[in-house]
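Chain naming follows the written order as A, B, C and D, and within any one chain the residues start at number 1.
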Amino acid sequence: MKRPARRTLPLHLEPASGAAWRARWFHIIFGHDDPPGRRFDVILILVILSSIAVTVLDTVAELRAGWNIAFYVLEWLFTLAFTAEFVLRLMVVKRPGRYVFSFFGMVDLLAVLPTYLSLFVVGSQYLVVIRALRVLRIFRILKLTQYVGEADILWATLLRARHKILIFISTILTLVLIFGALMYLIEGPGNGFTSIPRSMYWAIVTMTTVGFGDITPHTPLGQFVTSIIMLVGYSIIAVPTGIFAAELAAEMRAKQGVYCPACGLGEHAGDARFCRGCGAALKR
Amino acid sequence: MKRPARRTLPLHLEPASGAAWRARWFHIIFGHDDPPGRRFDVILILVILSSIAVTVLDTVAELRAGWNIAFYVLEWLFTLAFTAEFVLRLMVVKRPGRYVFSFFGMVDLLAVLPTYLSLFVVGSQYLVVIRALRVLRIFRILKLTQYVGEADILWATLLRARHKILIFISTILTLVLIFGALMYLIEGPGNGFTSIPRSMYWAIVTMTTVGFGDITPHTPLGQFVTSIIMLVGYSIIAVPTGIFAAELAAEMRAKQGVYCPACGLGEHAGDARFCRGCGAALKR
Amino acid sequence: MKRPARRTLPLHLEPASGAAWRARWFHIIFGHDDPPGRRFDVILILVILSSIAVTVLDTVAELRAGWNIAFYVLEWLFTLAFTAEFVLRLMVVKRPGRYVFSFFGMVDLLAVLPTYLSLFVVGSQYLVVIRALRVLRIFRILKLTQYVGEADILWATLLRARHKILIFISTILTLVLIFGALMYLIEGPGNGFTSIPRSMYWAIVTMTTVGFGDITPHTPLGQFVTSIIMLVGYSIIAVPTGIFAAELAAEMRAKQGVYCPACGLGEHAGDARFCRGCGAALKR
Amino acid sequence: MKRPARRTLPLHLEPASGAAWRARWFHIIFGHDDPPGRRFDVILILVILSSIAVTVLDTVAELRAGWNIAFYVLEWLFTLAFTAEFVLRLMVVKRPGRYVFSFFGMVDLLAVLPTYLSLFVVGSQYLVVIRALRVLRIFRILKLTQYVGEADILWATLLRARHKILIFISTILTLVLIFGALMYLIEGPGNGFTSIPRSMYWAIVTMTTVGFGDITPHTPLGQFVTSIIMLVGYSIIAVPTGIFAAELAAEMRAKQGVYCPACGLGEHAGDARFCRGCGAALKR
């Protein structure tokens, strides 16, 4: 049960050498430990959330009627502020390229582009909701090694289960294709199954138990096949859940491993001081 | 695997000093051990259930037509009875403030307010269904330490899994925001996706596999993205289930109880022969 | 981890004393070990399935048009045959009363009553589908101790989890009542939420993620509350699944218990001959 | 915990004796180890995926309008190519009959038949989507013993859980029959429940939480029974998931592999220090 030593923590960045203001701003912007760094982070999160709120509310017809210009101005103010922040980040970091191509660097860049893009492509400004990803920083601000550890376990579990999940998804897609074609043959365009791609969309709607009801079988044979598809889909829910639960249990058990120096027995409780198998003292 | 020693049992209340009738009524109202106390509890539960039934049935047009006045009178009778009971509780308890701000104190108060409020705000009387929470007392009446223990395990499990669940909910909300905005762009107001908030409502309907079908994608691209959203939602069901199952299994394994004859430590593993706290042999 | 010694096997029945034909028929009807007993069981199952098929097909308008009389005659033939079989069972068993009030005795009786009842109450003949329960006998015919063992594990798991499940169901019903009343207040009769009972029906449809779409929220506030209801319902799926998985895992682990005579370590693999903790020979 | 030694690997095929080109082609077609074999496999997968794409896109009215003849020609080209490949496989393998009746032999045959069949039966050409099963070969190409091992675990889990699953499915079908007949009686043809089979289709739609909404209860009693059906269906999701998770956890625990240096026995528990088969010390 060897577990790959893997960290979800972002790569290590260093302050740019040279002027002292760079080092100071580097600590304010990239640091999360001292009051100035934490204050900057909290303000940043609030601004990001406000900017998302503006974008979202801008699409509500009732609100846009009266607040049209306010939303437009706010949106540009937020974008300019984020652009300034992005440029500042580039200036204070030692290797700007490394930062830009890190996960949060990409997100920071993508978070400002849609507004500029909207000058050329109408509607693209709504893509700024990608800013939501910036909020993930919050886990770093909270600085809870606890959270990092938990996310690590979830991530390691997904990683360990990836082969099982890949096999599972291949099976699902094959079933969707075969059931989709079958229902296209049985029900036909007259009952809403106008093409195999649409039939496959319906098969996914059905197997995932979503069941919109925008397309439904009308022939008795179609309803019989649908019953089988639903029972298969229902049974299949068990598979990823079971995989994940079993892997997570294994992961959690592997985490708490102290072994008895005398008899080698493991899986001792967190507060055990003596081996439950032979009574020898445990080393911690 | 250190577990916080946590109890879901309500805080300890003491009878008011002074007149003997107070002590007697305190035991009847707050006690669950002797026949008078149990009889009071059983009657109380029945009255609560009747009062909820009256409120619920009062909204059925066919019944209200003929029983309008009866329902109205009953509702006020129940409310006056509960008010009297609440006042009595305040009178016989030593520290009324402590009782009012306890969980059941708040519920007892909220259970009578809506009816009085309905004199000023039409419709608010239906909020009396909050009385349902009063029925939770039933677990205390049953006085099954069993139940308290079980609820403890469920609660401790949720508590232990809270970091994992918080990470999970953040992920879901981020996905809902991004998918919602994407579908708003793809489908547009013409196909029912009239705003991003409404699109997000639709994304939640879809990811939770509820699938009302009041809003559905009509463009091929929208149906393709919807297929991905559904498969993601379907896979994600696995996560909370897996988290809960794994944590519960760990909790249950830690719980199974043999107590050390030397130091009294409990919660030994199923195959432990020696106390993990002091190394003394366990009796089975 | 003491498990109640519980058996799902039916109670022991003895042949009636007296005439030899009774003992012979008892073994044919109630026995499943020798060829005549097995042959009787197989024929019985086939006849039951045919009778259910007739009842089900009788409701299909296209088929009833032409086969009306055939279905009617067949239904009565089946009923008379089952009646004769029931009387025969009563005659060959030692204590008929004990048989009648056993699970399968009740089912055998209920399986013939609806047809007779249909002489007085129109439509009641469709209740003969209760005959489906008679088919459960098939597990006895297969005589797989395997199956009995497996059903035992599933049953013991449900039994052990019953307190947790009861707490869980109380919580669900309380949530359904409160959310139902809330949505009745928010959406009102104009949007399909015509009464609290109907609102509660909708709340169950939504929380179980069924989502028919016959009633849907139309106000923004209603859609917001619905989003919360769905997320709650979605999270709650985790609870019974987790309970069942964890209990089943514990049950399965308890089943395979051989303990080392030297060090007491348990949970040895099925083919282990030596303790994995201390190397001592295991006794089986 | 005796586990049947079972392999999902395909049966061993040998090259036909005689001409050297046969042995060479056998290695190209059936081998996955050397560059020529891998190249053949990759091309084959790509051709299969293209052929499926053609079939699927052929059903989209917008595309068929312009590409009708191209799709028709491509379809026949693919079919002729697959036919040639199938004949070649038969020629180079030692025992063609054994190949034809193996899983992949059957799939290879069924993958070409529908196109020929479409000369006689209109529409049958869409059955070529069965070619999707040929893509499963991809797991062999990837030659990841990892994948084979993982699929083995999933398969062994399903195999071990088959009794539990059979009991579960019988229960579901019995419930569907009884609830279907009940709703037919309660709601009747006027509300869409036109026959018991259709009622059973609805019961499956409801119990699997799909909930299309094409048929919904309209009477209060029907809605009450539906609420019970949904809660039952919702609770029942827990059962297969729990079964699968618990079995998978047991399977995974049994699998984790350290092998005994003395007797070669594997699948020791995670904390084993001595071989359970011969008692020799294990090296870690």
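By definition in this document, a contact is a pair of C-beta atoms (placed from the backbone, for glycine too) under 8 Å apart; a residue touches a chain by one contact, two chains touch by 3 or more.
These numbers were taken from a predicted model, which means no experiment stands behind them.
Engineer: Counting contact pairs by residue number and requiring over half to coincide, which of A-D, B-D or A-C is equivalent to A-B?
Structural biologist: A-D
Engineer: Counting C-beta pairs in contact, which chain pair has more, B-C or C-D?
Structural biologist: Of the two interfaces, B-C and C-D, more C-beta pairs touch across C-D.
Engineer: Whole-Å distance, chain C centre to chain D centre, using C-alpha means?
Structural biologist: Roughly 29 Å, centre to centre.
Engineer: If you average the Cα atoms of chain A and of chain C to get two centres, how far apart are those centres in Å?
Structural biologist: That gives a centre separation of 40 Å.
Engineer: Counting only residues that touch at least 2 other chains, which ones in chain A make the list?
Structural biologist: 197, 200, 209-213, 237, 241-243, 245, 247, 249, 253, 263-265, 267, 277-278
Engineer: Using the touch definition up top, name the residues of chain D that touch chain B in the complex.
Structural biologist: Residues of chain D touching chain B: 209-213, 241-242, 245.
Engineer: In the complex of these two chains, what residues of chain C are touching chain D?
Structural biologist: My answer: residues 52, 55-57, 59-61, 123, 126-127, 129-130, 132-133, 135-136, 138-139, 144, 146-147, 150-151, 153-154, 157, 165, 169, 172, 197-198, 200-201, 204-205, 208-214, 237, 240-241, 243-245, 247-249, 252-253, 256, 267-279, 281.
Engineer: Quick one: which bits of chain B touch chain A in the complex? Just the residue numbers, please.
Structural biologist: Answer in residue numbers: 1-2, 163-164, 166-168, 170, 174, 177-178, 180-181, 184-185, 189, 194-197, 199-200, 206, 209-213, 216, 220, 223-224, 226-227, 230-231, 233-235, 237-239, 241-243, 245-247, 249-250, 254, 267-269, 271-279, 281.
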